[in-house]
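Before I ask anything, here is the structure I am working with.
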Amino acid sequence: MAILEINDISSGYGEVQILWGATLALEPGKITSLVGANGAGKTTMLRTVMGLVKPKGGTVTFEGKNVSQLSAHAKAEMGLVLVPEGRQLFSEMTVEENLEMGAAPKRAKARFDANFKRVYEIFPRLQERRRQKARTLSGGEQQMLAVARGIMAEPKVLMIDELSLGLAPVLVLDLFHTLQKLKSEGLTLLLVEQNVQMALAVSDYGYVLAHGKVDLHGPSRKLINDTHIRSAYLGM
Amino acid sequence: MDILAFLTDGLLIGFVYGIAAMGLTLIWGVMNVINLSHGSIIALGMFALYFLFVSLGINPYIGVVIVAVLGLLLGMIIYAVAIHRVINAPHLSTLLATFAVNMIIIGLGTTAFSTSPRNVDFSLGSATVGPVTLLGTRVVAALASVLITAALYFFLYRTTLGKYVRAVTDNRAAAELMGIPSARVLALSFGLGTMLAAVAGGLIATFFPFTILSGGTYELKSFVICVLGGVGNPLGALFGGLILGTFEGIIPYFLPTSWVPVIEFILFVVILLVRPTGLLGAKK
Amino acid sequence: MSLTKLRNPGLWITVIAVLLLGLWPIVTQRASTREEIFTVLLSVVLASSLNILLGYTGYVSFGHIVFFGLGGYVGLYLIIVQGWSLWPAMAAGGLAAGLLALLLGQAILRLRGSYFALATIGINEAMRAFINNFEPFGGPTGLSLNFQTYNAYGGAANALWLIYYIVLILALFNIVLSYVVKTSKFGLGLMAIREDEDAAEVMGVITPRSKTWAYVLSAILPGVVGVLFFFKNGNIEPPQAFRLHMSIELLVMVMLGGFGTVFGPALGAVGYQRLRGLLLTSDLFKNIQLAVAGLLLLLIILFIPAGAVGWIRRRFPILRRYLP
Amino acid sequence: AAQEQTVVIGFTASQTGKYNVESTRQINGLNLWLNQVNDAGGITLSDGTVVTFSTVFYDDESNTDRVQELYTRLATEDNADFLISPYSSGLTDASAIIAEQYGKIMITTGAASDSTYTKGYSLVFQTYTPASRYLTGALDLLASLDESAQRIAIVHENDKFSTDVSTALNDYALELGYEVVLFEGYDSGATDFAPFINKIQEAAPDAVLGGGHFQDGSTFARQLFEKTVTPAFVALLVAPPEPSFSELGEAALGIVGPSQWEPLAQIDASAAEAAGVDFYGPSSADFHDAYMEAFGEEPSYHAAGGYVSGLLLQKAIEDAGSIDTQAIKEQLDAMNLLTFFGRIQFDTTPEAHGLQIGHSMMYVQWQGMADALDKQIVWPPEAVTADALYPIGGE
Amino acid sequence: MILQVSGVSKWFGGLKALTDVTFSLQEGQILGLIGPNGAGKTTLFNVINGVYKPNEGTVTFRDVDITGLKTYEIARMGLARSHQIVRPLNDLSVRDNVIVGACFGRENNALASAGTIADEVMEFVGLAKRADQLAGSLNIGQKKRLEMARALAARPYLLLLDEVLAGLNPSEIAMMIDIVMKIRERGTTIIMIEHVMQAVMSVSDQVLVLDFGKPIAFGTPAEVANDARVVEAYLGDPSLAAQLLAPSSDQPEQDD
């Protein structure tokens, strides 16, 4: 049984339609990656799932419940959390306050202290900067904070848009290891990545989005080794 | 005659200015909405207190508490009806919306109450210390504003709900993604700002006569105070109020009273230029 | 700037719309229509001027009326006390306003966002309070014009028509001006400032200079029409000359019509002033006109927050060309 | 057969904005007059036409923006035959230009400034005692009460009306040999007079005169009392004659105020006889009762001003026997009579045409006990209803 | 020598973001600027183009000391940059955004000629199709390209690129690299900050590595990649570094 099902979803901005009936499902406890060219509609998909963009058609089902009509905060409350593109930090609040805000869902409160400790372990740099305003962090530090804030929400499904964006290589490697660890603790992950190679390497299953539709999907291993796919979809 | 008297009178009124400004600075700093209905809401607070006192015979200080509750409700209603739709719209839409609300309140208020002055005939007596005469009502108002400032500060910077308020203002979409019900939080903030305005009105009504138009003066002063103290900073509002009050108290000692506004506003602009984020620095 | 730009149909649509409105009382020769349209055209000038600062540059001025008031005072002083005629007095009013903007611009345009808006309030109030104490301008009593002054312009009736023609010409001029500014390199720099001042600087826009000139440009015509208005009004007093409320109404007009567009502020001025005018004189609403006007305004804001022209531009992108 | 004609009276009222209260009372007064004339069957002109009256009015929102627009509309679209001024001198100045330009007679009320009438108008007529004589009587009163009073403080709202009044008062005081120890204005929006009062205390005057409008005046009085600063004599503009001034309780006690008209002053036909002029219209008492009945509140002098502005028009029409502007202007120019409002006579010199020269102020004072205050006329001597309380608070 | 940075330090309160950074750059070169997150790379750009005034040290651009000049003065001297956190002029069209760059940059073009330049540059970076769209409605990748286009339109002598490759997929990266090479061919000097190693290593003539605000290595890509301190601070352990650098072999110009 999939934990998150996105069924035949269509959406766009104003008159412009971006998604044309995309379907995808996440297996619980697995890492799924969603790849595709620039402008394919990956970000739009995530925003639509969260309800930041109103779907024009299709449904989103989370843990068997139809959540298409719920607001973003209600979904976050249920454990469906997005680390958005462009970070979207609370720029005038400190690092620590940003993390606190991440723990807004009730379910996150119980594990607040543990999560706090954990994200500082993953990103010691954030601990050093904890009283600094998010606005003044370096690009990479902001990215760390965005991911850390997502983890603070104690999600059941964590969707990350462009995890590796602007991070130093050493950190990217670390981070993918951390994701594996989170997965082993039962978290379900959806990664949207430009670093296709790496995304497919850590994920169990992959979807390829092109022109607002899912063109292709399958176990990551298969995708990554298929030369046709590599050249046609992954630009490799 | 002692300059002390000038100073004390200025400070006492300063507390009240501070609390009148606090609602404005809260809504402005926290929600980034410049609330042009601030003045008329202050006036509604005055009228609410007046009717509670005159018609129902309720003690003004119990009245102020009732006024606070009414103010909170009114604010949430105004938010839901007039502001929610445009809170994320570009540019100054919210400014226009509150301007329209102001027109409605003043229009209806004038029809209902006319602009004839009302007076809450209530006194706590006065005490004379040396050259200084202290009025009971003003002292109570000053104490109340200190309490309210402390409470507001605590709320915004120490409680989770208060932090949600700041988070929503900072980045509404992100707040939603983090599970913060942004619409409710915004309504609450606006409600709080309105509540403060109404309470300020209620307190002022205990010692000044007023009309439905009286709020305008306090609105203007509130703008000045927001700058002195830094927009969005409740402590700053109190501080700014005290400075303004002190100016108003002291300047007449040296100069003709009619120069008070000239000096006051020039100083205001100068301070703005030297310390754009307020004397205390804006806390956001 | 090239002449081909002046062929833009959008400019001419706006000019012709205002011209038609302006000609209406001239054709009908009805004095009361003239007065109604005078109020409207006056606002067109004020709102379009403000738009150069507010709409193009993104600086919100709450106290723009200070230029109107100062211009009016300088002009009336010269006419009444120094015996000047209307024409040089108008020029002097505009000049005074422009100079004030130039001086202030250096200082307060360093402030951003709300802080600038607040400074403009401070300046308006300081000016009002100062003139209240300034004896040459009559202090609180203000200045008032002798009825005989109008004789030099063919009597009061003729003077009122004359003033009307002038304001019509100024309104048309202002629209062309704001179009020329908008489509110039200078205007592009202003809009870059509006969108992101720091980024604009990084691209080489000399922001202090551009902002100051925008401020000056937006101040001159209000100064000129200030002289006209108070000359027509016959007297000037500080609270009327520096009425903060009117500043805010100007903001409303700009926003209502469409922030940053050429046609928008004119449309907003017409819409707002006629709405108020009609409510004031309507038998049904005149007793509660203020509240009704507020309600209508609120509905407009809630349903077309980008202003009429902004809304059309967004809704029908093809029309953008025609609505600069 | 008798023809019938409706004469239209046009004006703007401040239904919103800061002049709302005064303006509303003024309009109430005017409407009372209008209803009374119409109920009595109108006025019959010399050609037998019966004239009745109707009004057209708009809200001027207490500011000049649209005054000219609206008066032009009244004069040209609504075909108003006669105009009444808006409330306040500033708005009246703007409207006078329009009245004069369209050749409409305008009776002004609530517009006290002298300057309006020195600008060359020929059709504008003032009902109020002008600002230059508004408060001078208070000094006469003071002189009659206490010859030793020497030091006076003049404190006023910094607006046109109050400044005009205070400047004239200052001149008069110097002329009488008083020492003006403080002459200072305060901003129109002022609510806190504490620093101002401190200053007064420091100057230690025998008398304080000045003020502005109702709200600042009553606030000032209240704060004087609360700060226990009580000069022997306090006279304030506008506020004290208002019936609701008594809501201040003890703080109102002893405060003197100039009034254009007072119900207590029994002005009727017999008074006219004594003065050797004609009397016209209702007596003070009749007006008072009729107003009470119509509006359920005590008439203030603004209400009386509104009423009398219509009454003067009526008188001029009757005397002219026509509604021709020129004929009526002549009647107004020649007018010299007593009404319940007081003497009425207009200046006819070109320098100050239309300025009110017949009417003069009365001065009232709140007396009695704090919870049962009475307003008494204390000046001029011929109208006095009670001896002035002096000094305030007793020796 | 087009740029000379000598002894530059910048601190924010107690935090030393840059300490005594010194380097110089030959005309026509590409300098890669790398280092861990928060190393001070963007801050260095900000110091060079005048956003921040350094607490110590000087910046000399084409033999003129530009330390402490305003950003617009520096821009007009022929120094353009892109922003890591994109700053599009949202309510202007893509074309107008680029025109701003052309108008106010070094050449101080008139509107008409700026338009021509803009069209050319948009074509160059692949934004031509979006010319009339509002900049605010672009997605991140497109905004990055817009940043680049605006900077290019200024026809600068020196171009500072802050992570323009982030968020692009491999084929797009290849295309961008192509663009960068072409810019250099035109004679523009470039400093680029990047975390995409294959790319920096393949285009840079020199690489400067910052760590905690201090330069820890400076040299050719190969020298830097083999520097032990760089590997430790930035790339991770050597085997991973090798793995990272590996794909660059089958990288070049495999466009589609």
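Things worth noting here:
Letters A, B, C, D and E mark the chains as written, and numbering starts fresh at 1 in each.
As a working rule, a contact is a pair of C-beta atoms (placed from the backbone, for glycine too) under 8 Å apart; a residue touches a chain by one contact, two chains touch by 3 or more.
Quick caveat, the model's predicted, so the values are computed rather than measured.
Under the contact definition stated at the top, the chains bordering both chain C and chain D are B.
Within the contact network of the assembly, the step distance from chain A to chain B comes to 1.
Greatest Cα centroid separation from chain A: this falls to D.
Among the other chains, E has the CA centre that is most remote from the centre of chain B.
Taking B-C and A-E together, the chain pair joined by more C-beta contacts is B-C. Centre-to-centre separation of chain B and chain D, using mean CA positions: 37 Å. A separation of 48 Å divides the Cα centre of chain B from that of chain E.
In whole angstrom, the spacing between the mean C-alpha positions of chain A and chain D is 76. As a whole-number value, the distance joining the C-alpha centres of chain C and chain E reads 44 Å.
In chain D, the positions touching at least two other chains are 15-16, 158, 185, 187. Chain A has no residue in contact with two or more other chains.
Chain contacts: chain E has residues 91 touching two or more partner chains. Chains touching one another form the pairs A-B, A-E, B-C, B-D, C-D, C-E. Here chain B touches chain D in the complex through residues 1, 5-6, 9-10, 12-13, 106-107, 110, 114-117, 119, 121, 123, 126, 128, 133, 135, 204, 207-211, 213-214, 216-217, 220, 248-253, 256-258, 260-261, going by the rule given at the top. Listing the residues of chain C that touch chain B in their complex gives 60, 107-108, 110-112, 114-115, 117-119, 121-123, 125-126, 128-130, 132-133, 244, 248, 251-252, 255-256, 259, 287-295, 297-298, 301-302, 305-306.
Across the interface of their complex, chain A is touched by residues 12, 35-43, 84-85, 137, 139-142, 162-163, 166-172, 174, 195, 197, 233-236, 240-241, 244, 247, 254, 256 of chain E.
Those residues of chain E lying in contact with chain C across their complex are 49, 51, 70-72, 75-76, 80-81, 83, 87-92, 96, 99-101, 103-106, 110-112, 114, 150, 154.
Taken together, the chain B residues at the contact with chain A in this complex read 160, 163-164, 166-167, 170-171, 173-182, 284.
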